[in-house]
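The same subunit A turns up in both complexes below, where it pairs with subunit B and then with subunit C.
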Partner chain A sequence: MNITFKNLTSIYHENTPFEHLALNNITTTFEEGLYYGIVGHTGSGKSTMIQTLNGLLLPSLGEVHAGNIVLRRKSRQRNIHQVKKHVGMVFQFPEHQLFEETVLKDVMFGPKNMGMDQRTAEEKARHYLHLLNIDASLFDTSPFDLSGGQMRKVAIAGILAMEPEVLILDEPTAGLDPESHIETMELFQNIHQDMGITVILVTHDMNDVFQYTDQVKILSEGHLVKEGRTDDLLTDEVLLERYSLEPPDIVRLVHDLERKGITFEQMPKNVEAFARLYEEWRTNHAQ
Partner chain B sequence: MLSKMLLGRYIPGSSIIHRLDPRAKIIAVVLFMVIVFFANHWTGYGLLILFILTLTKMADLSPRFLFNGLKLILILLLFTFFMHLFLTKGGTVLIDGGFFTIESEGVITGIYITIRLAMLVLITTIMTLTTSPLQLTDAIERICRPLKAIRVPVHEIALMMSISLRFIPTLMDETEKIIKAQSARGSTFMAGSLTSRLQALTPIFIPLFISSFKRAEELAIAMEVRGYQGEEGRTHYRVLNWEFKDTMVLILMIIFGIILWVIRQ
Partner chain C sequence: MIEFESLTYSYRSGEHRALDHISLSIHQGDWVSIIGHNGSGKSTLVKILMGILEDYEGVIRVEGTVLDDENRAELRKRFAIVFQNPDNQFVGATVEDDVAFGLENNGVPREEMVRRTEAALQAVNMLSYRDHEPSRLSGGQKQRVAIASALAMAPDVLILDEATSMIDPEGRREVLDILQKIHHEGRTTLIFITHDLTEIEQSDHAVIMREGRIISEGTVEEIYQDTDALIASRLVLPFHIKLSKRLLDGAYMSYDELVRRL
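For the complex of A and B:
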């Protein structure tokens, strides 16, 4: 399912002294099956953009096309509900949304709201809890007895169990230790590859954006200032500098090495790839 | 939805009203609340409305913004109006609908009482819009200080007030976030029958309670590690300054009250 913004403008607190233009005349498309990253400085409109993507916020002007459904300034609840069914959203600190008596019931909350019957919902819940490595012995315990990391996984399972076609991630790794960070990002990567789900990642972590995404959209003060392939945009240090964004660590390292005369044939995406390329370079130069 | 809440919200500004001593503002509001009840006919109510409009102008608030806040209590206003309309008897009968009658006295009292209520709400709204919550609690603490003689824990009460006021916006943000998170999971509390709407509140309130308790505990710990132990030996960071203009405000308020009293019928 493609999602398209047509001349979308979003204004907060319209007609009050707190009026604020969050998104300014944005036209862009999120194509099916790709992994997108949205980057930008704090207050650039990232949150507004993703909330508009799944109908939590309606545009002040312009349209959002999600598949066949069109959302406008005054869309009906039913249409909005339809969009939420297809576009799942993992908020920052998703563990704060847990409320049910048991883990299983909490994961079933979303699917049931989307009209699945009890049995299908439970099947889905079990399936996704397994996928996220939550032990079956925990299914009937209270979600509030779990550790922070497990709570987050349960909350993520709650979104996945709704089987969305598009998955939006808002700072999914905030507050996680490095190990869980990698684990979580790998998990989303697998979901993206195995199930062909479109993923839209919003984060300040440029390393994650560089390593996992295919396409990047750069926002600055409510404007969509640049979009294109991750490999092109995030390796352009001058461009990133202009929008006060940090280049990914690896890009910086490789560019620094280039200045010292060590050039690689391609840009490595993560530490392992870098190690391999460096090894190759050493063997080539040892001779 | 929540963004429209105007109650207790402060709009920073530098108008004369903003710069008054908060104590003067509180006392003036209390005086005004008494004065409102002096009015008993059209001229009096007209003067009250004029007074509020002047105040709004002086405080640099847009009247439309202020009346948006009034919408919140619209139901209460309408309720009061209709109660008087149907239940107050006297004067000439305007409409006789068989089992009910609407009489002229009812219409007039209805309008009067509604104006009174609206005035009371508007003056307090103007006060909270132009005074930061911290200033307000400081002022209340100062005004209530004499009560300490009869062992009222004035400082603690003021602290509780400022903590609660401080956390209203935080709680609002939190609520909005949770509402969003749950509605992204397909929870619908804007549609459906009353029971299903009420049921849809559980997924919002439970996370909200949990995070509030956590936050309260964190705050308590944070205060303890900073060595907080009540009022003893504390000085104030913000010092209130009573100036000539503050005295003037109270004098003007009293003169306004006298005028309304004199034109009473």
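For the complex of A and C:
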């Protein structure tokens, strides 16, 4: 399912002294099966964009096309519900939204709410809890007795159990320790690859955007100022500088080395790939 | 100076020790980072310092005085804390009110209150936001106001309990810059709790905690070299240190130094 914004404008507190243009005439498409990153400063419109993507906010002007459903300024609940069914959202600190008595019930809540029958919902819940390495012995315990990391996984399982076609991640690693950070990002990468679902990642972590996404959209003061391949945009120092975005660590280092005359034919994606390219360069340039 | 001597604490008697014989000296004016994962005991240590937990074993000395039931409330006034969540620490309707709140509570005369509030906001570069509503600030600005509220109380020790973990990279840099400034003035001891090794580079002394114990302690350089402790406590080295270890002799160096030597 593709999602397209057509001349979409979003205004907060319309016709009041607090009126604020959060998104300004945006036309863009999120194509099925790709991994997107949305970057930009706090206040650039990232949150508004993702809330509009899954029907939490309706456009003030323009349209959202999600598959063959169209959302406009005054769309009906039924249409909004259809979009929510297909577009899952993992909010910041999703574990704060756990509320059921048991882990299993919590994960079943979403699918049941989407109209799945009890048995199917339970099957889905068990399947996704298993996928996220939550041991079956924990299914009947209270989600509040779990560790923070496990709670977050249960909350994510609840979203996945609704089997969305598009998964939106809003700062999914905020407040996580470094190890859980990597684990969580790898998990989404696997879900993206194995299940083929579209992922839209909103984060301040440019290293994650560089490592995991295919495409990037850059927002600044409500405008979509640039979109394209991650490998093109995040290696463009001038562009990043213009929107006060930090280059990924690896990109910064590769560019600093270029200025010293050390050049590689490709841009490495992680520390190990960088180390190998560097050693190769050393070998080739040994006196 | 604050000294912990064999500090031990269990949340329920007989259960495993959240703190297990911690001994540590923190010198006045130093920036000390305490690093560790959730459950390592770092928050328990803070709670004891703030007087939230009381039934510990061992001794805490503040400037040579042993902390006890009699002097606890008085000595605690020398400590101030900034918490993790920038949204949970505001009471005032404006930035200025918020910083003045603690002073007013302590019966500070109005004139001095105004002076100290201004000085504290100046110290965190937030004076021009004095009339703003705290909830409308960015995460980094909120944490800077929280630091100002703490500084206004003129504490000897400022504790930052994962105060940078919930804000964006820009806000994090702002907060670290302010801390560096406070540190340079040399009056306030900083106890900085974190699990991010990229944030400890400015500190004089660092401690790695794991399962209630101190497993490594020393300068930042020494901590970066202690591979065993880093692996045991599942901490991730900063990017440039990782590369120095992988490609050079593993010596501690800054990013610029790495670029120069590659």
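Heads up, the rule we're going with is that the second predicted complex is superposed on the first by the 285 of 287 C-alpha atoms of A that agree within 3 Å, B and C clash if a C-alpha of one lies under 4 Å from a C-alpha of the other, contacts with A are read in each partner's own complex, and residues count from 1 in each chain.
The working rule: a residue touches a chain if its C-beta (ideal position, glycine included) is under 8 Å from a C-beta of that chain, and two chains touch if they have at least 3 such contacts.
As the structure is a computational prediction, the values presented were derived from the model and not from experiment.
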Now for A:His13: first (subunit B), second (subunit C), both, or neither, which partner does it touch?
-> first
Which of subunit B and subunit C A:Phe139 touches, first, second, both or neither | neither
Pick one for A:Tyr212: touches subunit B only (first), subunit C only (second), both, or neither.
-> neither
Now for A:Gln97: first (subunit B), second (subunit C), both, or neither, which partner does it touch?
-> first
Go through the superposed model and pick first if A:Phe30 touches only subunit B, second if only subunit C, both, or neither.
-> neither
Check the residue A:Tyr128 against both partner chains and state whether it touches subunit B (first), subunit C (second), both, or neither.
-> neither
Of all residues in subunit C, those that touch subunit A in their complex = 37-39, 84, 138-139, 165-166, 168-171, 195-197, 234-236, 239-240, 242-243, 246-247, 258-259, 262
In their shared complex, at which residues does subunit A touch subunit B?
-> 12-13, 15-18, 51, 54, 56, 77, 81, 84-85, 88-89, 91, 94, 96-99, 109-110, 113-114, 144, 158-159, 162
Where on subunit A is subunit C touching in the complex?
-> 41-43, 147-148, 174-175, 177-179, 182, 204-205, 244, 246, 249-250, 253, 256-257, 260, 262, 271-272, 274-275, 278-279
Would you pull the subunit B residues touching subunit A in the complex into a rising list?
-> 3, 11, 62, 64-65, 68, 177-178, 180-188, 190-191, 202-203, 206-207, 210-211
